[in-house]
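The structure appears right after this line, and notes come after that.
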Amino acid sequence: MDLHSLADRLSGRASKYDVSGDFPEEDFDDLREAGLMGLMVPHRLGGAGATFAEYTDVAMRLGSGAGATALVFNMHASVTGALAHTPDELVRQFGAPESFFASRDRVLAAAAKGALYAVAMSERGIGSRLSQVRTSYERTGSGFRITGAKTFVSGAGHADAYLVAARDSSAAEPRVSYFLVPAGPGVEVQPAWDSLGMRATASHDLRLDVEVDEDALVGGIEGAALLLAQVMPQWLVASYAAVYVGVAQAVLRHGVEHLRERGLHTLPLVRARLGRADSQVAAAELVVRRAARQVTDDPGSQETNRWVWRAKLIAGDTAADVAFSVLEAAGASATRRGHPLERLYRDARCGALQPATSDVCADWLGACALGDDPDEVARW
Amino acid sequence: MDLHSLADRLSGRASKYDVSGDFPEEDFDDLREAGLMGLMVPHRLGGAGATFAEYTDVAMRLGSGAGATALVFNMHASVTGALAHTPDELVRQFGAPESFFASRDRVLAAAAKGALYAVAMSERGIGSRLSQVRTSYERTGSGFRITGAKTFVSGAGHADAYLVAARDSSAAEPRVSYFLVPAGPGVEVQPAWDSLGMRATASHDLRLDVEVDEDALVGGIEGAALLLAQVMPQWLVASYAAVYVGVAQAVLRHGVEHLRERGLHTLPLVRARLGRADSQVAAAELVVRRAARQVTDDPGSQETNRWVWRAKLIAGDTAADVAFSVLEAAGASATRRGHPLERLYRDARCGALQPATSDVCADWLGACALGDDPDEVARW
Amino acid sequence: MDLHSLADRLSGRASKYDVSGDFPEEDFDDLREAGLMGLMVPHRLGGAGATFAEYTDVAMRLGSGAGATALVFNMHASVTGALAHTPDELVRQFGAPESFFASRDRVLAAAAKGALYAVAMSERGIGSRLSQVRTSYERTGSGFRITGAKTFVSGAGHADAYLVAARDSSAAEPRVSYFLVPAGPGVEVQPAWDSLGMRATASHDLRLDVEVDEDALVGGIEGAALLLAQVMPQWLVASYAAVYVGVAQAVLRHGVEHLRERGLHTLPLVRARLGRADSQVAAAELVVRRAARQVTDDPGSQETNRWVWRAKLIAGDTAADVAFSVLEAAGASATRRGHPLERLYRDARCGALQPATSDVCADWLGACALGDDPDEVARW
Amino acid sequence: MDLHSLADRLSGRASKYDVSGDFPEEDFDDLREAGLMGLMVPHRLGGAGATFAEYTDVAMRLGSGAGATALVFNMHASVTGALAHTPDELVRQFGAPESFFASRDRVLAAAAKGALYAVAMSERGIGSRLSQVRTSYERTGSGFRITGAKTFVSGAGHADAYLVAARDSSAAEPRVSYFLVPAGPGVEVQPAWDSLGMRATASHDLRLDVEVDEDALVGGIEGAALLLAQVMPQWLVASYAAVYVGVAQAVLRHGVEHLRERGLHTLPLVRARLGRADSQVAAAELVVRRAARQVTDDPGSQETNRWVWRAKLIAGDTAADVAFSVLEAAGASATRRGHPLERLYRDARCGALQPATSDVCADWLGACALGDDPDEVARW
């Protein structure tokens, strides 16, 4: 199935999952069948070996079908992409044991076969600031015991494993590590997700009280979490962006369909709204694709990071603005629940509010533009 | 119960009714108890004898408690207000029989005792353009038989009678009359309302196949509908406006509460968002109150009508803008269903889309400002 | 001459003075003839005894004729209005000697006869923050010697006297007093004003090295400057606001004239721009008039001050927004120098940038809305 | 001299030419020396053989130095670029005589040696709509006699020849041809340019009463004007766009410099303004470069034309928005004439108003997005 048909199928189910708030099982069946769970996995492990730019294209298309599904997929791609794209030398340099590479490959090969990974980073009251994580871990004889609670875990209850950020309970200084914790006993999903938009992400809470093996420690090294945030901000900030450009494209598509059906497409004010929306969406797509190319070609540079933040800011704001204006052009009949524009209006509002929020991006970009040295780490 | 306490009670239930989409029975029990069903009814018939300006104040306060409840009340106030405020001489001049006054007084006295009236004007595909109404009536021996279908009837299934616009099936020229049709057999509610915002208005469809007495004809004269639209645009356009200023005030109130709880109130970008929102809401309130005073002092004049359209435009746009910006200040935690800002974000979007839409108001006001003679009637 | 005709005369000359940057002598001849120099002066001293609300009306109308002239007049009205409106008891309470009242009356009576007063408060690098004034004074045998430099002195070279803020050179703590310094030797105008907009205000620099009599000390008391800023923020912040509403009204008027002349008034996008501009200007006028009524009825209260800041914010932003949009509707032919819209576009941009700037107002209003206690004094 | 240094030199003189309104002679000396007059001229004729994408890069950089200079250069590049890029086969197909190619090469070779060409298309009251051109031509024994008046001729009085659109006075149907008319007797410049912004373009009026040789007829074929507008909209619409992105970049650069000098760069609201401006400018640059690449790779296609209109819309709006916001961040001290931000604020406003205006672009793009077939020709 090509991406275009796949997006169509997602689009056809988006309203149903939005209304029920259920996890989009059928969408993930399709994603598995299309081989997308292994998108970021290297060829040698059975995957498609995609670059960040290729991922961005996929995320945009999925997002134009069903935003919530694309956001869950984005989390999976972030886990597999970060694992696949971190160079071996770098990991060795940071002290990873050789055993790490085998366990990493197992994780990636499982994804290529259909395993779904989720991210459990945020906690209530601290958002996604890694430096303040309260979930903790301690060494046991054979591995680690992890205890705590997470929130906003997209795909909770449907993932095969969760990337969990936790702090070393024995360290005086904050030392935050990542673990890939398999679903199962000790990992309890607590229904909490009932949201304005992006309702089908199943971003429930997770309660953790679980023992994991030694090789669940990602990278095989403790304290790697903040490091990763600095090296690969794209996976924490920019990978959403493509999804929201897809959402904005869906607004245009459904707006055009509705306006033609109702015979409103010849009204000059309607036409002007659509024309401006078309330009904004085209511009946002270019910015997101540019950021993706930067990440692929020159990961981690200051210039790349600026593009990443621009992409997040512009994609989130554009989706919200375009949905606002096109809904106004479409009129009250498009506000009925079940109408695609009604759902998209709610979905589109969420981008600017997801971390890093548009206001945070603007602040950071302003500091850069003004020649100041934004202290990135402080933001995590 | 004073208006402040009443609004508080409505506010406390708004989330519940938003989630269920049920009609806010308890709110209307409170409104009845507070004597508000007779707000527009003259003192001599047991009512409060309010002016349009006094109504505006009530609508704003109710709207700041629960927008949907205030919209349903607005429809009731429009029916009773239009009946109460149309001068006797004018009605006589248009040919009303003397019997009209007794039947009008019965209708108003019933309201003062708690009867609820609703408006059944819109039809699918034509919106609220009276000139294109398809619901029709024909004379019977003792009155009229009305046949047709209506949509967006706020309070459907809970009103004691419906103000129905229908065209004379025997006339070649369109002749549209108003009837006050009692609830009962032949007036069938068809559940259809499931909307982005203002979910508790129960604005369902109505199927009509019903016979009514002679005195159900409003004014006792056929063909009065378009006339009324011209003489009293305030009840068709501006009475919403106060509700949306109330909604915008609620956004500020809940925004402040949320931001202080979360400790976000000292962030400069948050403060600037709130400061601008505060100014916008204060300005919108002044415009709506000014329009209301104009209606009270100089009903029907061109200057009054301009203020009425400005009020509709500014109230609708302000509510939507302020909800958009304050939600962004509040962040993702305020997008959980059940959070007042989540509901208000959806409710606030509806004002600009209700007729006359903001784009229509802007067009009309532009024509006036440019010295053209806007053909009001054509818009109905 | 009534205000309407007067505004017309100002409007007819506005382009000439904008191009040359000269002080509008003819306008002030007309203002003198119309008795407006004594607008704020009590009846017993030969003036019109206007309230702040009446002043606001005059300022708006003058501003709709010629913004720059209205700004210079605003400075004169601020000096005479503050002197006339400060209650005698309050001045006595702060320690004013009885001799003060005679000297104050002389100053006001001179205004009623045509004297023009200007304000010399700002200094380069500190703006209008009184607490950081560097211009200083020292006691001499018969009065004071004042030394320093001022900037942005509207009407410089054309005023009969200047209200100068200066700090006591002998005090350790900052003690800032006001002096009314007559034009003449020791008060040297240095041409410096050549600005984007409001070009005819002659807001040049002033170099001061001058001795003044004892009774030049305003209030007869030292250290009164900060006090006044707190008691009467309206004269420092809100009195501009009315001028910018006038400017916005002029944009509408000249926009309509231009669009009709060019036959562009029937274009739907043009009409929508004008309709939205009309609403914004109507709203801004209401806010400014409301603030003025508050000042008249309840000067100095927190509620009044909030309205004053809202008025400043909304008037400045509205003028700029409306000029931006109407110029776009008017097209390139309206950008020729000498075209009223070209001038108004530049004039209108200045309001939000004059102290307190829109961003400062938004910050202060946000703090109030969020329940914080804005420290007003710190801003001066 | 590299482009960076060249832009710096232009930037250094921009204020001087803005104040005087004189044609920037020194800038064109520099452009000649840098070989830019032959930028679009093929290598075989002594030029640089640039593509449209390469031109776009040059225009953006020149625009970031001095907008007015870049606009004049843009006209020259449009003439030489359209001549150089129209394929020989196409011209032959339209009936061009073989003699055309020699005369075209002479024109291009002269540009490579420093000749400057200007465009005389607009006429008072009809703008740039070719179909309504009133300037006419008639055949003489040896060529043509051209009579009429043109307006907005950038570079008037400084160009070596003017591309003039004129209609065949003998034809019943409008038949509009282009002539390249040498400066000299019969071509009279009438000073008329005194504008809000872009003051140094010398866009004066031109009065024509002149005989030209046979080979002044561009393409050697009559009636080619509308054709060219359809085949190459980029030169009529999009080549401005790059200039305004340059202007927006200059706003950022000078804004940053001013804000750091004044110590305002740490204020959160200032930082947020700069951050949003940075994103907008980056997005506009991508859109303009994308449109340029489309023109280079796939000239004349519907998809290319959409990008061309998006580029015009976004570049014009972005320049104006960014200048508006950054001036507000910079404050009143940046509104002094001679300050780069004061000039840029005026320059930046002109882009959206130049044809095709932003409103026209939005309308056309809306029609495309809504699946209608925009009748391009009708717009000329």
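Chains: A, B, C and D, in written order; residue numbering restarts at 1 for each.
As a working rule, a residue touches a chain if its C-beta (ideal position, glycine included) is under 8 Å from a C-beta of that chain, and two chains touch if they have at least 3 such contacts.
This one's a predicted model, so the numbers in the text were calculated from it and none came from an experiment.
A.B. asks: Going by the touch criterion at the top, tell me which pair is linked by more C-beta contacts: B-D or A-D.
C.D. replies: Counting C-beta pairs in contact for B-D and A-D gives the edge to A-D.
A.B. asks: If we define chain centres by averaging CA atoms, which chain lands farthest from subunit D? Would you check?
C.D. replies: B
A.B. asks: Mind checking subunit C against subunit D and telling me if their interface is mostly the same residue numbers on each side, over half, or mostly different?
C.D. replies: Mostly the same residues form this interface, as more than half of the numbers used are common to both chains.
A.B. asks: Could you give the separation in Å between the centres of subunit B and subunit D, each centre being the mean of its C-alpha atoms?
C.D. replies: Measuring from centre to centre gives 53 Å for this pair.
A.B. asks: Just how far, in Å, is the C-alpha centre of subunit D from the one of subunit A?
C.D. replies: 43
A.B. asks: Got the subunit B residues that touch at least 2 other chains?
C.D. replies: Residues 268-269, 272, 359, 363.
A.B. asks: Can you tell me which positions in subunit D touch subunit A when the two form their complex?
C.D. replies: 252, 256, 259-260, 265-266, 268, 270-279, 282-284, 286-287, 290, 306-307, 310, 313-314, 359, 361-372
A.B. asks: Flag every residue of subunit B that touches subunit A in the complex, lowest number first.
C.D. replies: 152, 194-197, 269, 320, 324, 327-328, 331-332, 335-338, 342, 345-346, 349-350, 352-355, 357-359, 363
A.B. asks: For a test of understanding, state which residues of subunit B touch subunit D in their complex under the given definition.
C.D. replies: Touching subunit D from subunit B are residues 267-269, 272.
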